[in-house]
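In structure tokens below, several structures.
Presented sequentially are two complexes of chain A, the first with chain B as partner and the second with chain C.
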Partner chain A sequence: MRSLFSTRLFWLTVAVLVGAAVLPQFASGYVLGLLTVAYFTAVFAMSWDLLFGFAGEVNFGPTFLIGLGAYTAGILDQQFSPGLSIWICIIAGALAAVIGGVVLALPALRVSGPYFGLTTLVAVLMLQNFVVVFADLTGGEIGLSVPDVITIDQKANYWIALGFMVVSGAILFGLSRSSIGLILQASGQDKVQAGALGFNVAKHKLAAFIVSAFFSGLAGALMVFYMGTASVGTFIDVSVGVQVIIAAVLGGRRTVLGAAIGAVFLIGMGEILRPLGELATPIVSVVALAVVLFFPNGFLGMLRGEARS
Partner chain B sequence: MLLWQILIDGFAVSALYALGATGFTLIFGVSGVLNLSHGAIMVAAAVAAWAASGDLHVGSYVATLIGVITSLVLSFATYFIAVRPIQHSRQIAESEKEIFILTATLLWGIIIQEAISYFFTNNAKTVLPIIEGVVTVLGVRTPANEYFTAAVCWIVIGLLWVLVNKTKAGKAVLAASMNPRGVTLLGFELSSIYLAVWAVYGVLAGIAGVLLGMFLGVSSYSVGPLTASAFSIVVLGGLGSVSGSLIAAYVVGYLETITAYLISPAYRTIPSLLLLLAVMYLRPQGLFGRR
Partner chain C sequence: MRSDVMLDVTGLTKRFGGLVAVRDLSFSIRPGEILGLIGPNGSGKSTAMKLIMGVERPTAGTILLDGENIAGLPSHKVARKGVGLVFQHSRPLHRQTVLENIKVALLPDSLLRLFADPHVDGQARAIAERVGLGKVMERKPPTLPFADLRRLELAKAIARHPKLVLVDEPFAGLTASETREFSELIRGFREEGRAVLLVDHNVKSVSALVDRVLAMYLGERIAEGSAAQVMADPTVRKVYLGGAITTVARPESSFKDVTPVLQVDNVSVSYGKAQALQGASIHVHEGEFVSVVGLNGAGKTTLFNAISGLVPYAGEIRWEGKPLKALSPAAIARTGLVQCPETRELFGDMSVRENLDLGGHFLPPKEREERLEWLLELFPILRARRAQMSRTLSGGEQQMLAIARALMMKPRLLILDEPTLGLAPVILETLSKALEKLRATTPISVLLGEQNVTFALPHADRVYVLDHARIAWEGPPGRFEAEAAATYL
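After this line comes the complex of A and B, so read on.
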């Protein structure tokens, strides 16, 4: 652990986070709102990175877990509004996502690569279909509006999102650097060999799914009570999942930290380019494609490459 | 009469799915690439044909040709921009190339999709059918275009079969899908085989796209579902198995049509997704796949 505290990257991270924490004193509500969403997206991307970067599972459906958390929390709150504390709703959302994670982990233990990728994609499409079919409960395509929010204070919301990102980032990062992370990485790269070394691959992968699902669901549930609404377009749609994946790959896979950088970059970039109208998305995609092609290790890889040379 | 209607509609939809999935599975079988920009290329072909007949006032056949050429060009662009650089990259570990190609083709598909919606808006577009009019068989009125679509799809699939199984170049492609190294040892240039496969893929996706534009219409929203349906048909049939994906295309096509007619169009895709999930759990290599 000592080596961690002496790296430049660690102190740089701390400096950035301190800067982020005092930002509400200077920045406008608009910027804060943007960053709040970016921080939640960062947790989505970091959770995804744990599954893909470490466990080697090609998960095209991060939004299956996010959506389960978001909609469970939202529906519970809408049905039992004054009687049920929103924190119970949020925890229920996280638990629902964990159950979803276990369901998703079952095929992952049997199939791999593109087969598993497709299973996750199908899971997302199924969830999307069910939201539309059970429109009475879920609000269907229009969306679900929840009666309660955590707080209407923009700064408080910002700090909650920031704190949540830092805590979950620290836990995920710590996990990835622990022996569990190493075993996951080993079983992701060579399942048979990792098993032959005496590690219980199935147990570790299941754990990775549960942790990833827990944080995805928790972030989804928190974000519902920040936004006050849940809709397919913001939580479940495949394009949301694609954005999470791009964020993680852009920042640098297998780093956890990079996923957060990628998410903030993506959301910020999308907003800066907004004046360009419809051209914004293709430009972001072109940049992302260029990074994937020329700097496959992402932003963090670029940073480290420079430090080395 | 409803039964007959389902049989005809299902047949046409399935033939279209089969044609779309054939190119997809061919690329996977030969070079191991899952091209996630598939839907975008199909839609681009249809939109090009639509724009050609609408803006340039050319006839249906010329418009179709323009659509197919567009798809061919985009197919090569996909290969040279999103696939080849990753296959040849030294920075990316061999085991991770698969996910990088998936991500890159996905991004490339998004770029194509956004370009289409920027230049041609998001509105649904229907390409003018080559054959117009209505045919009545056994008391069921069906657009003649539906029979035409099914016929063209099967003719093209038949031609592909002849190409792959009877010509020398086709046999080289088939051999490359079984053992790439063996083919190079026999003196075939693997890179030119890949080029040929991407060319065939471009033509197939183009024809399927234009036919889809004539039959059901396309918009930039159909990109995702098109890719997903080709992907799921191919996995259902077994990755790399062409006959498997043809059968799977019919299973999915009929399941969707039956659901749409007998239950509700809103539930159209649910049974086939459930089937896919069941296959994933019980028989992960697909219905006719080899491991």
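After this line comes the complex of A and C, so read on.
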């Protein structure tokens, strides 16, 4: 752990976070709103990296977990407001995602590789269908509007999202550097050998799914009460999941921090290029593709490579 | 049960669908005893090892470890009962140092202990020193030579002080001096009173080390006893030796082409700092069979990859008098210079037939059919396996398919890189017969890269010895022993 505090990357991270914390004094509400969404997306991407980068499970359905969290929290609030505190709704959302994570983990422990990836995709599609079919409860394709929000103060929302990202990131990063992170990596790379070394691979993978689901769901639920609405297009659609995955890969697999950088970059780029209209998305995609092709270790890999030479 | 027995296996059986991989196998190992479990490819020895480790569940039978039945337990439980497995291949954590990789093996299987105890560091260092990794503790696995990666496997397996150590092919790919060091380490286990099971292809490789040998063939025990007894056993001899190989080298002057069809002139290849090939010059005549022998890492594969255009090189390679440098690997293959690589590179999820059809993709349909028919005669087992997915073939069958696929491309020169790697003697005989037939009935030239001299010499008209990236000797196979054996061994 001591070595962590002596790395340049650590102090760079601290500097960037301090900068982010004082940003509301200078930036417009528009920029703050954008970054708030980016910070939640960062948590989605970091949670995903725990599964992919460490446990070695390619989850094509991060939005299954995010959507469960978001919709559970949103529906509870809509049904029981004001009798139910939104914090209880948020916790319930996180727990629903954890249950979803366990459900997702069951096929992962039986099948691997592309087959597991397919089951996660199907999970997303099923959740999406569920939302559309039970429109009375979920708002269907129009979306669900929740009566409460955490606060309408833009700066407060920004700080909540930033604080949440920092705490989640610290926990996920710490976990990835702990004994459990090492065992997860070993299981992800060679589960036969991990078993022969005495590690219960199933137990560790299940734990990774639960932790990943918890943070995904929590972030989804918090984001609902920031936005005031939940819709399939923002929380469940496969394209949202793809964006989360691209963010994590773009930032640097197996780094946790890289996922956060990738998320902020993706959201930021999308917004900067917005004047280009329809062209914005393909341009961002091409940039992402180029980074993945030429720097498979992502932004953090590029940074480290420079530091080394 | 006898009290002096540590591992007692009785009636162990494993079926995969219709295939019986292990049939009614029984044996025991005492503390401080080394048992060699040997058998050719597909004999079931690896399956037996996996059954003990809990990687596979036995169909029937008991496995008593110190009197407790561990048959059917998952492998992490078997490991905690005191069984360790030294893997032949594995994937270490590339971003962690050697020391950290060893520490992983010492971590508790717990979700609540986030950070390792401080004494783990000292233990890991002691283990690293013991297996000879003391000097490279802070390095990362991708930068280590092969032998050190094997040491790392050994280190991980003994980290938890297993009572019973299973070792999969302990000496594969190691040089003579490395083999001696590994043997010493394994003897150390015996002195500490651990039981050791060595799994290997043949008796010879483990004979100096084992107290007892059990030979398997087609899932069953065929012999048990001292190494000498097992080597003298008539069933074992029949399984391993088959028939004798006799061929005669043709003198170089008997080949009619004045300019050799392949000329490799002063070729050098380096990977970063490492010089893999240094000023190598060889040539092959039309119809000639040339063997390049050399130990692992001598530069054989690099030489072949340079010829096939897969690595950049300095120097010149000419095929039918024309330089090859400007051509892509695919174009080189289409000129009739075809390589059958060491790694085989089969399309695992395609059938035998589909693999062969892809090899003959550029032939007209009629010719492709004829060639396929001819190859299925050359390797009759492939006919029986025609519809099977190639990934499910045994090692020997995969090698035959790889050669057959290369031959489907109608090569004029076939480069065979280590075709015998990891194969049992019975299979070698089949390969030998196929090569003999090619030599007797076709005008093809063959460039054979081998570590196994006894396989390489009978098939060669001429032999080159590659040693530490240089051509160290050239001559007819008859003079090899007298002039070059010292260089080679």
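Simple rule for what comes next: the second predicted complex is superposed on the first by the 309 of 309 C-alpha atoms of A that agree within 3 Å, B and C clash if a C-alpha of one lies under 4 Å from a C-alpha of the other, contacts with A are read in each partner's own complex, and residues count from 1 in each chain.
Going forward, contacts are C-beta pairs under 8 Å (C-beta built on N, C-alpha and C of every residue); 3 or more make two chains touch, one makes a residue touch a chain.
In this text, all values refer to a predicted model and were calculated from it rather than measured experimentally.
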Check your understanding: Putting chain B and chain C onto chain A via the overlay, clash or fit?
Key -> clash
Check your understanding: Now for A:L266: first (chain B), second (chain C), both, or neither, which partner does it touch?
Key -> neither
**Study point:** chain B versus chain C as contact partner of A:Q189, first or second or both or neither
**Key:** both
Check your understanding: Which partner does A:V249 reach: the first (chain B), the second (chain C), both, or neither?
Key -> first
Exercise for review: Scan A:V58 for contacts with chain B and chain C and give back first, second, both or neither.
Suggested key: first
Exercise for review: Using the superposition on chain A described above, determine whether A:M46 touches chain B (first), chain C (second), both, or neither.
Suggested key: neither
Check your understanding: Does chain C touch more residues of chain A than chain B does, or is it the other way round?
Key -> B
Check your understanding: With the two structures laid over each other on chain A, which partner does A:M165 touch: chain B (first), chain C (second), both, or neither?
Key -> neither
Exercise for review: Check whether A:V224 is in contact with chain B, with chain C, with both or with neither, and answer first, second, both or neither.
Suggested key: neither
**Study point:** chain B versus chain C as contact partner of A:L289, first or second or both or neither
**Key:** first
Check your understanding: Which residues form the common part of the chain A surface touched by chain B and by chain C?
Key -> 189
Practice item. Could you pull out which chain A residues touch chain B in their complex? Key: 52, 58, 106-107, 110-111, 113-115, 117-119, 121-123, 125-126, 129, 132-133, 189, 238-239, 242, 245-246, 249, 278-279, 281-282, 285-286, 288-289, 292-293, 296-297
Point to revise | chain B - residues contacting chain A, complex | key: 34, 81-82, 85-86, 89, 91-92, 95-96, 98-100, 102-104, 106-108, 110-111, 114-115, 117-118, 224, 228, 231-232, 235, 239, 266-267, 269-270, 273-274, 276-277, 280-281, 284-285
Check your understanding: In the complex of these two chains, what residues of chain C are touching chain A?
Key -> 53-55, 74-76, 78-80, 84-85, 87, 90-91, 93, 95-96, 100, 103-105, 107-111, 113-116, 156-157, 159-160
Review point. Contact residues on chain A for chain C in the complex?
Key: 1, 174-175, 178-180, 182-183, 185-186, 189-190, 192-201, 203-204, 207, 254
